[in-house]
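By letter and in written order, the chains are A, B and C; residue numbering begins at 1 in each of them.
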Amino acid sequence: MRTKVGQGIGLVLILLWCLFPVAWIFSLSFKSVEEAAAGSPQFLPKDPTLDTYREVLANDDFQRALINSFGISLIATTLSVILATLAAYAIARLDFTGKRVVLSIALAIAMFPVVSLVGPLFDQWRVLGLFDTWPGLIIPYMSFTLPLAIWTLSAFFREIPWEMEQAAQVDGATAWQAFRKVIVPLAAPGVFTAAILTFFFAWNDFVFGISLTSTTDARPVPAQLAFFVGPDQFNAPTSTLAAASMMVTVPIIIIVLLFQRKIVAGLTSGAVKG
Amino acid sequence: MATGAVTAPRPQASDRARRAATERSRGENRLGWKLVAPAVVMMLLVTAYPMFRALYLSLYKYRLTAPEDREFVGLNNYLAVLTDSLWWIDVGNTVFIMVVTVAVELVIGFAFAMVMHRLIFARGVVRTSILIPYGIITVVSAFAWQFAFSLNNGFVNGWLPFVGDDFNWFGSKWPALFAICVSEIWKTTPFMSLLLLAGLSQISEDMLEAAKVDGATWWQRLWKVIIPNMRAAIMVAVLFRALDAFRIFDNIYVMTRGAQGTESASFLTYRQVIEQFELGIGSALSVLLFLSVMLIAFLLVKLFRVDLAAARQEG
Amino acid sequence: MGRPEPVTASRRKHPRRRQVALGMVAVIASSLLAACGGGDSGKPTLTWYINPDPTAPDDFKGTFGQAGIAERCSTDQYTVETELLPQSATEQRIQLLRRLAAEDTSIDLMSLDPVFTAEFADAGYLAPVPANASEGVLQGAVEGASWDGKLVAAPLWANTQVLWYRKSLAEAARLDMSQPVTWDQVIDAAVENKGTVGVQANKYEGYVVWINALITSAGGAIITETDKGADAAVGVDSEAGTVAAGIVEKLANSSAAQADISVSNEGTVIPYLGEKASDPGGFMVNWTFIYATVKGGDEAVFKDLGWARYPQSVEGKESRPPIGGINIGISAFSENSDLATQAVECITSEENQIQYAIETGNMPASEATYDSEALKEQFPTDLLELFRESIDTAGPRPPSPYWNTVVSAVLSKWHPPSQVDEQTTPQETATFINAVLDGDALV
């Protein structure tokens, strides 16, 4: 009984911690622009309104930014996971010299201070014509999500009972069938987890987003948030920003709701077991 | 998938078998490199060349808007940075943020992990909600807390009994740093707690039972059994988070823009390179920032005496 | 911003210049281009990078602000399209400079803040503007758009700061507002009557606007000989600098300072004017948009709103109010600079300046427009006259390619305002600016 009460309290504390700030932004997004501009320190809106959402939805540039963010993140995720799968397979299954070097490179890149790159990268990108384009963001996103994807995937691959593939072949399946029917289903959760984590990274990025873009051609959502203008021109409109923030958080919440089990598995297997 | 024989025991007996093994391992080597090459190239493409370029540019006085004034100055940029109080103040801030946030996250994250580990009901709900701060965009988290602490629109002043209603959190250094740390801690504690949860679940229940039978108190069990057995997990969590915290940028950019002396080393670098277009001194900063991160990683790894790559390969 | 075909537009702006050796990149790039589709029409498009305008009122019909001007200035020969820049002037500068440094041909026209006009011109990023662009333009606006003795951008509108105040507060303090007032008088009056004096003192360019106005009003300058670039002469360590530091020190440490003075900007100071008639309210230096903002608020407060010339730093010495606004520059890398020159003439025409002023409350740069009936309907005559005179006699920020660096240097010594010390701050600032300009110190 005592432990149950303790657990209940712990549970409530965790939920409060995690959801309260989200509730705050949610509540803020229903305050009218006028109310927020005049100063509205109470938690709940005085007069809830949907105007802020209407404004955000009607904002062409924000829509473009959403498309950019989705497109860039998805492409980066797909490509990154494909490359990571090849690499992780080699690391988990093959014995080759320099394996440790590869893992060390991955680790070093995972630790790389992103800001120290934007200067030279900006310089390089404008020479190559990649500045303010989708590939200009996709490439750095791939570079920085590969380490995480490789680590996660190789941990998963190591758990796969590869003998089953041979067993299936002995039972008369072709190599391709054995691979598709036996290995793919076993590897899929790992690939999927790596994809979600990679997507989160790309979706979250801010430094590259503000440094390597300058128009709506490629500007992603986190950078676009700086473009909202309030009634006085000099301050960002608090509640409109809150509404925009909620809108970019919704996809995250949906992904989390659908795949929480897999994400947790991926986060813990990728990092700790190694 | 023809090379699926890694797990086979190493041949030891005859010469022929050894030669076959070398042959096979050579093939395996080649395939291994073929498979990792694209990923390695991709990782180095964005990091290696820019880093060398930064090294090169850091030896020049070079402002992007005045390219004809570019001149070679040797190590002067490094000298200017390292003798400048601003660099040291910013490094101090960065280390402060890193130490405070990681310490707090470790304690709270550990408590969360304990709760989640023992929890028999509502596991899905907890898992879902703990992932929300993890998944939320850092900029959004920074906005949420900036508004919460703001003088005009924040509830914090009204709710905290010992703070006046007109207290300006972003008006001076330490309160502003506090707000920045809160945002950082809120967003990343879940990550910490999940890593620790994985470590917790690897501790055998038998060992805990045995300690209990021996009459160890809860406190003793925590310090003598649980924590020592989680060393690897704690180490990884601290290393990851510390290096992440050292690179803090988004929160500061949104919440204070570096005002009131809350700038981090990353933010300083960003300002020099992107805002002032001082590619020379900015590149020197980039290099120093990179070296700092390496130094911290090195110190942490030495301190905890854990060889990450080795630990990784043992799986 | 009504951009009906963003995808097509972006395609047109980026001809195939993605020549990257890596196959991977090529694949991504080509798949992107394929996805874009669309075709080019023969008529050239001029892309005009604009700073954000205020939000259009709900009942506004048509296209608002600069986008509206772009629409009106599109002809049979070319279309003017707008591309939005971020909200803060600092960010606008960064975005534009990045593209211009890359010699990007996708910018034809741009809305430039006077503070970075000189830097752009010095770097060779600006093509010549129509020769007659300075005709009939108020003196302060011309100075803000000139570099090296030449007009380098065409002023679209000019901003200035005046002293806004609550008449009841000035009356209670027995301050004669028909005569020029000094900062000392204003601060004392606010302290005695529990009012505030609103200024902009966040760690941003806007704070230097205030500091610069204090110094120029006292007869000094932050830097002079700016045509020498990084070798400009630093003038903060002077009597004028001491007077300015004294005023900042006095206000920031008095009860008339706003609670959030160290993060205050043009928007956050507005509520301190009072939201209802019973609030004591205060004095405030701020740009011209305040009139429209207060007009839209509480009626009693609006009736109580007064305006006067920017306060003097030294009694008896005419103040030099800040000047801002927007100049239209033509990119040196534009492929349509002839057309862009024509477009600038249209954009900065008197009719467009007047209509823009009526829509947004941003005052025209051209002198003659102040006599127009349309403007007089919108603004009280004495206020218009005050604006005009203020712009004409303004004390611009020194046009220097290194202004941004100077600003950062000044801010690092003058922020937070409560730490300013008239004895030491000016001298420390001067030493620091010199060190920074020489590349010996970080800022």
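Some points to look at:
Everything below uses one rule, namely that a residue touches a chain if its C-beta (ideal position, glycine included) is under 8 Å from a C-beta of that chain, and two chains touch if they have at least 3 such contacts.
Please read all numbers here as calculations on a predicted model, not as lab measurements.
Set against the Cα centre of chain B, the chain with the most distant centre is C.
More C-beta pairs touch across the A-B interface than across any other pair of chains.
One simple way to say how far apart two chains are is to compare their mean CA positions; for chain A and chain B this gives 16 Å. Rounded to whole angstrom units, the spacing between the C-alpha centres of chain B and chain C is 39.
For the pair chain A and chain C, the distance between C-alpha centroids works out to 37 Å. Counting partner chains per residue, chain C shows two or more touched chains at residues 24, 98, 101, 268, 271. In chain B, the residues touching two or more other chains are 42, 45, 151-152, 274. Multi-chain contact residues of chain A (touching two or more other chains) are listed as 39, 122, 139. In the complex of the two chains, the chain C residues touching chain B come out as 22, 24, 90, 94, 97-98, 101, 119, 122-123, 202-204, 229-230, 259-263, 268, 271, 401, 404-405, 408, 412, 415-416, 439-443.
Those residues of chain B that touch chain A in the shared complex are 1, 3-4, 6-7, 25, 28-33, 35-36, 38-40, 42-47, 49-51, 53-54, 57, 108, 111-112, 114-116, 118-122, 124-141, 143-145, 147-148, 150-155, 157-158, 165, 186, 189-191, 194-195, 197-199, 232-233, 236-237, 240, 243, 246-247, 249-250, 253, 266-267, 269-270, 273-274, 279, 282-283, 285-287, 289-290, 292-294, 297, 308-309, 311-313, 315. Taken together, the chain A residues at the contact with chain C in this complex read 37-39, 60-61, 64, 75, 79, 122, 126, 128-135, 138-139, 214-217, 226-236. Partner chain B is touched in their complex by these residues of chain A: 3, 7, 10-11, 13-15, 17-19, 21-22, 24-25, 28, 36, 39-43, 83-84, 86-87, 89-91, 93-100, 102-109, 111-124, 139-140, 142-144, 146-147, 150-151, 155, 158, 162, 165-166, 175, 179, 183, 200, 203-204, 206-207, 210-211, 221-222, 225, 238, 241-242, 245, 248-249, 252-253, 255-257, 260-261, 263-264, 267-269, 271-274. Interface residues of chain B, counted against chain C in their complex, comprise 42, 45, 61, 64-66, 69, 73, 76, 80-81, 84, 86-87, 151-152, 166, 168, 170-172, 257-260, 268, 271-272, 274-277, 280-281.
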